[in-house]
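Please go over the structures that come below.
Each of the next two complexes has subunit A plus one more chain, namely subunit B in the first and subunit C in the second.
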Partner chain A sequence: MSSKVTRISNWIDYRLPIISMMKHELNEYPTPKNLNYWWNFGSLAGIVLMVMIISGIFLAMHYDPNTKNAFDSVEHIMRDVNGGWFLRYLHMNGASMFFIVVYIHIFRGMYYGSYKYPRELLWILGVVILLLMMATAFMGYVLPWGQMSFWGATVITNLFSAFPFGDSIVEWLWGGYSVDNPTLNRFFALHYLFPFLIVGVVFLHLIALHQHGSNNPLGIDRKEPRDSIPFHPYYTVKDLFGLGIFAFIWAFFIFFAPNFFGEPDNYIEADPLVTPPHIVPEWYFLPFYAILRSIPHKVAGVLAMVGAIFVLFFLPWLDTCKVRSAKFRPIYKKLFWLFVVNCFVLGFVGAHSPDEVFYYLGGMSNQELGQITTILYFAFFIIAVPLLGMFEKTTPLPASISEPVNRGGDRRKKSRQEAAA
Partner chain B sequence: MTKATAPGKTITRRNFLTLTAGAVGAIGTAKLIWPFINSMNPSADVLAQSTTDVDLSPIAEGQGITVIWRGKPIFIRHRTKQEIAEAERTPMADLLDPQPDSDRVKKGKDQWLVLIGICTHLGCIPTGQAPNSNRGKYDGWYCPCHGSLYDTSGRVRRGPAPTNLVVPPYVFTDGSNIRIGVEEETTNV
Partner chain C sequence: MKKLLTTAIVLAIFYVSHAIAGGDDTETLVRQDWAFEGMTGTFDREDLQHGFQVYKEVCAACHGIKRIRFRELSSLGYNEDEIKAIAAGYEVKVGPDDMGEMYDRAARPSDAFPPPYANDKAARAANNGALPPDLSLISKARVGGADYLYSLLTGYGGEVPAGQEVSEGLYYNPWFPGHQIAMVPPLQEGIVTYSDGSSPSIAEMAKAVTTFLAWAAEPEMETRKQSGIEALIYLAVFSLLMYLVMRQVWSRVEK
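Right, the complex of A and B next:
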């Protein structure tokens, strides 16, 4: 029986070498043996992408991308379609889960210096994926045609009016004089297309990853055979365990707090004549929205917001420090965590009205808090990181991955040998 | 057919054919892409929504109404004498986008202010049309999205909006009727 299977798989593999390729990329693919749980998030992101595509295809079978029917068709999915509520809540919360996973994945890369030589292109492809994800998520949020969908779309498409020939560009994006039926139609078409573009870039991301292999918490290269273990079964099992916990959290939101990440205003159908008193984007855009609003100049605000993401493209060259992992960079490690905190404060600023005043911050207005945190955001990349590359005193690196891991074992072996002698 | 240009370099018939074929191919591709891009521009039926007629007589002094022109909200406000005086009194130096009030209304009809009700920052609809809504510090309009303020002439007084609310093209067809979407010269087409 098994020899028959082997014969068939050999027959296929001789003509179409997918089986040996899988074997090469999974079984033989050498992985550093010291990866911690922060390395789970790459595979989690891939799994979320697949779940989003599948749930999205099934939602598209019931959704109607016409301004007259879009809002009602989403309610039809929620109330009439068998299990429609589950598909929609899975997809809707999946967007938030995707960004949580990807943001952790990016912070992981920043902490352990995964963007450094020779993984610069791997990092850049990751930033491209982030940009595509943002575009996809933005267009997806417009589809339910609620108040936040409509006004979010209006505000974001109007960002392009800051550029030369802006008005013509915006009318071209809309296919009219305002966000309307042509806009909804094309956003649906593109929201369906973009995830497949993401899959394409993910493949390039994986090719670049497998060229030099994963970075690791020590940030040093693998030197000897005992530094590596095969990806399968060691990391497939570890990733599956992480997936179990992650799926548990995702399911919690789907079943117990499905609208936790959403805005109540989006359950009001879009009205082109009434702007909601307080427009907020989805939580994953809040830090960038805060940067946009903090600058009281239209073009400069738009450029700062775009720059906040584009600066990531240059990170591999802004950081000249040869040591990858923050474990051996005492100052960078502290600044990294301050940067993370600063990103959360930016998110807080984005969620509140610009006129709000915080008395517990000495009467500082939300606008001023946003300006300070925006400056800190850029200062991290443009001032702190390059200066640290020049002046930071790093602590000594271990000789190999196995050295710190096996130190105890080596010592025991030595003492046993001595006892035997 | 070959001709020497620089030492060791010659232009052959093949170079010429490659270049011309490549150029024709590039132009052809560009012309083929254009219909795809242009298909996303406003279609004929959208472009056809050109004018909107409004009867101003029912609008009481101090009242404002919102009408739709080309899918955009148009603010029409019947200004009080105090509001007109406020707009005319404002020194140009206080304005972010200086423009006298007289340039924003029709001559002799300065009680009527007609504006495209879209914030020039990122396209939100400012509040200030209903009598009880927030009109901001300058008695005009307040944009809830990013906090821009407009005065009683629709001029921006506090950013982030870069320019004044836009005055659409319109004409008085008679004493109390206006047609939005046409300029003075093309009256009653």
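Right, the complex of A and C next:
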């Protein structure tokens, strides 16, 4: 039996080398042996993408992208379709999970300098994936056609009116004079299309990754054979363990707090005549929303929001430090964590209305807090990172992955050599 | 670094919970120990049936529950004959018949609850311009959920604070946004008599009807939580096994 399978697979592989390619890329693919758990999030992101696509396809079989029926069809999925509530909550919480995983993946890349030579294009493709994900998530949130769907879409599409010929652009996006049926129709079509574009860019991301292999917590290149281990079984099993923990958390939200990340207003059907008191985007957009609102000038605000993501494209060149890992960059390490905290504060700002005043911050208004954190966000990329590249004194790098203890390792090696001599 | 990481995580939780609660401006609601809360929570069947009775005899005059079909009342503990009898008490507009006319017939278990008004305009006309919302999703559609509904229903009759305007035809209710609500105080002592002859208090009626509405918004909740326990057990065992396999496999790697 198995010899028959081997013969068939050999027959195929001789003509179409897909099996040996998979074997090469997944099985033998040499990987640094010192990857920590932060390296789990790349494969997790890939898995979430697949789950989102599959659950989305089944949801699309029952969903109706018409303003008259969209809200009802989602409730039809929740109440009448077998396991429909599971599919819908899986997909809905999956969006939040996807962003959590991808944000951690990006922060990991920043901490360990994974964007540096020779992985600049790998990083840029990742930022492209982030942009596509954001567009996909935004359009997906419109589909249930609740109040937040409608008003979120109205506010965000209106941002384009800040640009020259803005009103024409907005009308073109809407397919009319307001967010309406044509808008919902095209958002549905694009929400179905974009994930497949993401899959395409993910493949490029993987090709770029496999060209030079994974970075590692030490940020140094692999030098000797014992620095590497084959991807399978070592990282397949580690990824499966990580998947188990991740799926546990995801399942907790699906089954026990399915609306934790959502807004109650989105269970009210969209009504163009009633504006909700607080229009807030989904949590994963809050830091960018905060940057947008912090700047009193409309065009500048939109440019700053877009710039907050586009600055990531230039990170490989803004950072001129040759040492990759923050482990050996004492000042960068501290500033990195401050940057992370700053991102959370930006998110907090985005969730609150601008005129709120925080007495525990000495009567600072939310608007002011947003302006300070916006400046800090850009200062990290444009001032701190380039300056550190010039002036930071890095600590000595270990000789190799297998000799992580810097001088001690050398000394032991030397004494061993001396003893042998 | 560990310390900073902890700070980041604490901030993350703080920020997410704030984002969900929508800030500090929601007043503290009257909290209840709901039987359906928590990981193993289920709906109290007696509360469900009482709540349905309160809905039917009080709320239904103005509020529909259009997403519920009569047959789904089996979740409340009614049997097939009881559901048929309940449905038969309603008339639904169906058709057109062979002559092209719409006609009324007694509802069947497969029908949804008919709406109290022909359309939104008719509803507004009958209610002084206010639109009584459909209640099928109400407990998911309001910040605070069940606690909000309970607070609202029991929140009438308090002293109107100085400076609070209450317009003609509106009622003071501290839990409603703007504190003025068009809904007439719906629950009164003696408005409902349960089948055992008892006459519930306002608080008891509010609790029962809130339970019923929580069910109406999430009829899948009991199945969902039951499957959830199974899923979590499965994933915990899977993770543990994978952890042990990982330890075994990685023991071959020279540190």
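In this text, the second predicted complex is superposed on the first by the 404 of 421 C-alpha atoms of A that agree within 3 Å, B and C clash if a C-alpha of one lies under 4 Å from a C-alpha of the other, contacts with A are read in each partner's own complex, and residues count from 1 in each chain.
Rule of thumb we're sticking to: a contact is a pair of C-beta atoms (placed from the backbone, for glycine too) under 8 Å apart; a residue touches a chain by one contact, two chains touch by 3 or more.
The shown structure was predicted, so the numbers you read here are calculated from the model rather than taken from an experiment.
Comparing subunit C and subunit B on the residues of subunit A they touch gives the larger count to C. Judged by the touch definition given at the top, the superposed model places A:Pro182 against subunit B, while subunit C stays out of reach. By the touch criterion defined above, A:Lys238 reaches subunit C but does not reach subunit B.
By the touch criterion defined above, A:Asn158 reaches subunit B but does not reach subunit C. By the touch criterion defined above, A:Ile279 reaches subunit B but does not reach subunit C. Applying the stated contact rule after C-alpha superposition, one finds that A:Asn10 touches neither subunit B nor subunit C. By the touch criterion defined above, A:Phe248 lies against subunit C but remains apart from subunit B after alignment on the C-alpha atoms of chain A.
In the superposition on chain A, A:Lys298 makes contact with subunit B only, not with subunit C. Shared interface residues of subunit A, touching subunit B in one complex and subunit C in the other, are 277-278, 353.
Residues 1, 4-5, 7-8, 11-12, 14-16, 18-20, 22-23, 39, 67, 133, 136-137, 140-143, 145, 177, 217, 219-220, 224-225, 227-229, 231-232, 235-236, 238-239, 242-243, 245-246, 249-250, 253-254 of subunit C touch subunit A in their complex. Within the complex formed with subunit C, the residues of subunit A that make contact are 33, 75, 78-79, 85-86, 89, 226, 229, 233-234, 237-238, 240-241, 243-245, 247-248, 251-252, 254-256, 258-261, 264-265, 267-268, 277-278, 280, 283, 286, 333, 337, 340-341, 344-345, 347-348, 351-353, 356, 402. Considering their complex, residues 151, 154-155, 157-159, 161, 171-178, 180, 182, 186, 272-279, 293, 295-299, 301, 353-355, 367 of subunit A touch subunit B.
By the touch rule above, subunit B contacts subunit A in their complex via residues 37, 40-43, 46, 49, 66, 68, 70-73, 121-127, 144-147, 159-162.
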